[in-house]
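Below you'll find the structure I mean.
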Amino acid sequence: MPLTDPNRLFPVEARQRDLARALYDSVAALPIISPHGHCDPIWFAQNARFPNPAELFVVPDHYVFRMLVSQGVPLGDLGVARVDGGAVEADPRVIFRRFAKQYKLFRGTPSALWLDHSFEHVFGIDQVLGEATADAIYDHIEGCLATDAYRPRALFERFNIELLATTEGALDDLRWHAEIAQSGWGGRVVTTYRPDAVVDPDFEGFAQNIAEFGALTGEDTTTWAGYLAAHVKRRAFFREHGATATDHGHPSAVTADLPRAEAEALFAKVVSGVFTPQEAELFRGQMLTEMARMSLADGMTLQIHAGSRRNHSAGVFAQFGRDKGFDIPGRTDYVAALKPMLDAVGMEPDLTIILFTLDETAYGRELAPLAGAYPALKLGPPWWFFDSYEGIKRFREATTETCGFYNTAGFNDDTRAFCSIPARHDVSRRSDCAYLSELVTTGRLREGDAFEVAHDLAYGLAKTAYHL
Amino acid sequence: MPLTDPNRLFPVEARQRDLARALYDSVAALPIISPHGHCDPIWFAQNARFPNPAELFVVPDHYVFRMLVSQGVPLGDLGVARVDGGAVEADPRVIFRRFAKQYKLFRGTPSALWLDHSFEHVFGIDQVLGEATADAIYDHIEGCLATDAYRPRALFERFNIELLATTEGALDDLRWHAEIAQSGWGGRVVTTYRPDAVVDPDFEGFAQNIAEFGALTGEDTTTWAGYLAAHVKRRAFFREHGATATDHGHPSAVTADLPRAEAEALFAKVVSGVFTPQEAELFRGQMLTEMARMSLADGMTLQIHAGSRRNHSAGVFAQFGRDKGFDIPGRTDYVAALKPMLDAVGMEPDLTIILFTLDETAYGRELAPLAGAYPALKLGPPWWFFDSYEGIKRFREATTETCGFYNTAGFNDDTRAFCSIPARHDVSRRSDCAYLSELVTTGRLREGDAFEVAHDLAYGLAKTAYHL
Amino acid sequence: MPLTDPNRLFPVEARQRDLARALYDSVAALPIISPHGHCDPIWFAQNARFPNPAELFVVPDHYVFRMLVSQGVPLGDLGVARVDGGAVEADPRVIFRRFAKQYKLFRGTPSALWLDHSFEHVFGIDQVLGEATADAIYDHIEGCLATDAYRPRALFERFNIELLATTEGALDDLRWHAEIAQSGWGGRVVTTYRPDAVVDPDFEGFAQNIAEFGALTGEDTTTWAGYLAAHVKRRAFFREHGATATDHGHPSAVTADLPRAEAEALFAKVVSGVFTPQEAELFRGQMLTEMARMSLADGMTLQIHAGSRRNHSAGVFAQFGRDKGFDIPGRTDYVAALKPMLDAVGMEPDLTIILFTLDETAYGRELAPLAGAYPALKLGPPWWFFDSYEGIKRFREATTETCGFYNTAGFNDDTRAFCSIPARHDVSRRSDCAYLSELVTTGRLREGDAFEVAHDLAYGLAKTAYHL
């Protein structure tokens, strides 16, 4: 019996199911466009084998280990490295067993769907993971990983990925992207300009980052003009490595458009290291508007990922550092927050700003009305906790009626779990086709149009939104 | 093939669909009660023909043109007038073609449903709008508009409208309503008292409006007592022209109930022109309570439309003015905001205050609990962005369990797009019947009761809530 | 014809319905675990008959009487006692008739489902309540109540209640629980430690309560150390009467973890009676963290019921006092609010803190991400206005994908309406089985796992979460 139901995520009523199936069949074989994510480019540059099943499925995946932690498994027991280098579990088989033993925790979650999909469709497994099957499954995966067919480039091709965007900091040398380009391998792996470390005054080592930013670009980043010029140069450098987009992870969606003298004074303050939290927020907000203006000039799509309260547990952050599953969404305002940027550039038809949210209440109330009016705005797909069947359903139901499909930006997998990429795009395609079949069978969309929209959602909109 | 599915918006499962159909059939022929909207009374007073298809479907409808704008069509290209009188597209056929060419943007939106309904059921069109059909459809509509059967009064009768309420400012002379009354025509078109221009200190020309208010009523509107007396007189004047309700469009739901001396001092401040934003908000809030007290005396229903952040784009507002699709909802609190007014009059069983929201999170958390307790409160139907199948579904699902059906106020179309009125009421009736069929088939409502409720939602509740 | 549909709350599509039915059948006969509620222990201590149908179904049930009030029935006409002892309706038959006459107000509400379930399954009634049947039904219920089979203990046994937790204030002498224990009756009725009256500086008589608290425990509650020691003693006393949990009803979820000196100073301030609203909130927040630390020591589960704005109507509160249906939810933040407590004890695997909310927007955005990370946290079931089919559906859909089933705490009926207990658990079991059947038929959960989960949701999780 297969691990995944061939009709998963489709409506149950026969007419709807048949239509959802037909819509899905029309897009299932389309190549994957992955315009935003966090895969490591070294995989494709070096094409080394993945180390072991635990490193593939547990240790780097905060979706997976936080769920185990929530039921009392210590992070260290899952092999997550301590900041102080202290001992943590080092045996991948032991880690995998701990994960397998608690697999029932994932019942009903998208993680279970992604994992089962990977087990079945990437590794050909037909047994349900659990305590009894842990070792056999571990051995099977380990056996696969040892073969060339499971090296990163081979999987990339097998996954039918047309384009994969990674995300690098502004100070990155992009050496792996250069190596991929020079390798002669045909896979298209591009970077994305993510300047948080030189844009967010609260980022660790901000002042030093700014100095390095200057050294790297030959610009005087002690001045506002030089600092902006450094961004222009780095953006060009990133574009040379395939980037068509920038990305900004801010705690809020605040933007600003200060008069030049005020912006200069604010910059001087934040680089001095003496500033208030409000000034830090204002500076991040000013930089979103500056980035939008640069995007107008160089054509890069601007992505705003707002609303995560990072590192919520002081203890986990102290012991294990960032990105350990303790980033919690909070209420996020967009209407007042985005106004300064939108007054500056929101009516530009050639600019693309993609908004992401972790506050679903904003979908219908703020984001769809904004995207349904401003030419520069598009809505990114459901993000993080909401990249799931129910999340996608709520997103479509809350936004389509106000901004339609064509003010949305297609799908992002946004993952660092490489093997989950096909699974995530599959969930997205199935969920969208389920939604479209509901629209058609309730007389809200013509059937022929639904096939066109299905193609756009699976493929076309992402290419348009990311200028690919 | 018809443009609209005869079973649109009904559930797909056979038993539910049959019941939804039966419920709908029992209310489909009921007359339309339209107790709140923005049609122009001059239409019914003069009964002149509608000028052309673009003026009917595109130029005045912010639902339609904002969607085109969001994809880069300039407002002026759609014939929307500039504030400075500068040139905009003047050829209605060109405007209609631009709209037709982009019709796919409306896929999945209520606008598409309303438009298709109007095309098919008002104009007898059976072709899908698009680039290829634009001219033929334009010519067909133009041909219809030239006939007497498409003049406003004929359509009013054909639409089976029992009552249509328009909305006029406190300074309006209501001449068109008087003309309608004197005309001998049988259609019932009533006004609604909307005093924002003399209640909101932030309204353009507020001080001058207050002076005119005094001149009109013979009251000394430089004093608090005279100002209140002027309202009493104008309300009576509006009632003479059929009004049974007042309407208040405020950015928030804040109310106040100040001691008389404080209210007087606040009034003096706002008419002086020197006041803070907080004082303006407090004054608007005080006036809601004053209006509620006057409603207690004269029996007029009080409507509160709260939560729109108007004119979000500074550029669009400067070039094109108000009501151009750039009004964006924001978070709105009701619990603390309404308390002063409710402490004053909330327990009055003969008073009707209808609450509208653009913040759907308030449905279950605040509005239904309030309406399910205070005798004076009723919930208005889903408003603006939420006047749609999904919006109505969310509204019913979030409110019914807490406040039932009988604390809601029936349907409002709230439109200035006359031809969409039958379509909007049809969507409301179908969506409610779909919801009721779901309740019955899942054992949450008896079938006989569902037929009663369907009638109440389509007809009875609006008459009760608006004292018609 | 039965009052309740045997397939109520199940999906309508045949395959889903059959599976939902099978899942439900597998848990329908499980005993009821009621780990949080407001039944009066005197019922089970004295086992006196319930006085009359109005006292059983109308007068004490704020769900019922607020709905009648919302349509203009005065509270006094329903027999609700006035604070001043003034006359209210005293004839239970008259009260019951007034209720029966307005029964249509409850259409589509969970109250109707609970009432019909009680009428049919507890009292064997097969007529729909209404004006015409009021007297017959009244007489029938009255006849039942006069028999021994309808005394509290007999109903407790017939309801198949394995455990019922009541809720008592910190100053309660728990005499009825002692009496039940000494009675030899086998029913398990335990208490819960609810110290709001000695924890909330805004509580009526707070200073006097603190003094009494000292007298009761022999601790010097004028000092911080003595006050904390008094809690430790009372918690032990409650545990002797079966308590395994504490409960805290706070207006917000604010917590604090002050240095000892600051906590002492704050305590001194609040007992002095001279403090700001912010200091009161801070003190309540500090006490949540203190309670959590005590829970770590004594193993009691800590429940936080946050977010109700109590006594919204000043007039109703003045005339009729607390708990009269005028408690309105408001927006509630958890992310920042819980951080101090979670930094102190959130990673403790043996501690259980159960979070309840009246702000459904927090489910997916805040509560599931928190519970899906912190070992100490679990999510309580939908509470109050949301303890309903739609409420449970929204809860599962918004939380399962992020925190799974095993970070939730099973069902609470949280009621003072004894006869509604079987109905409420039945609604919960049916709604959960409906949800599980949807997961299975859409390929998101294996069928065998669904049966395990159904059992856990109906029975196992409550026992685990409450350490029973």
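Chains here go by letter, A, B and C, matching the order in which they are written, and residues are numbered from 1 within each.
The rule is short, and it goes like this: a residue touches a chain if its C-beta (ideal position, glycine included) is under 8 Å from a C-beta of that chain, and two chains touch if they have at least 3 such contacts.
Just so we're on the same page, UniProt names per chain: A, B, C = Uronate isomerase.
What you are looking at is a predicted structure, and each value in this text was computed from that prediction instead of being measured.
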Chain contact topology (line, ring, star, complete or other): complete
Copies subunit A (Uronate isomerase) and subunit C (Uronate isomerase) - rotation angle from C-alpha fit, nearest 5 degrees: 120
Interface residue identity across copies subunit B (Uronate isomerase), subunit C (Uronate isomerase) - same or different by half: different
For subunit B (Uronate isomerase) paired with subunit C (Uronate isomerase), centre-to-centre distance based on mean C-alpha positions, whole Å: 40
Contacts with two or more other chains, residues of subunit C (Uronate isomerase) listed in rising order: 11, 13, 331, 361
Touch list for subunit B (Uronate isomerase) against partner subunit A (Uronate isomerase), complex: 4-5, 7-13, 66-67, 69-72, 104-110, 112-113, 128, 309, 312-316, 325-331, 358-361, 385-386, 388-391
Contact footprint of subunit B (Uronate isomerase) on subunit A (Uronate isomerase) as seen in their complex: 11, 13, 15-16, 333, 335-336, 339, 342-343, 346-347, 349, 361, 364-366, 368-375, 377, 397-398, 400-407, 438-439, 441-446, 449, 452-453
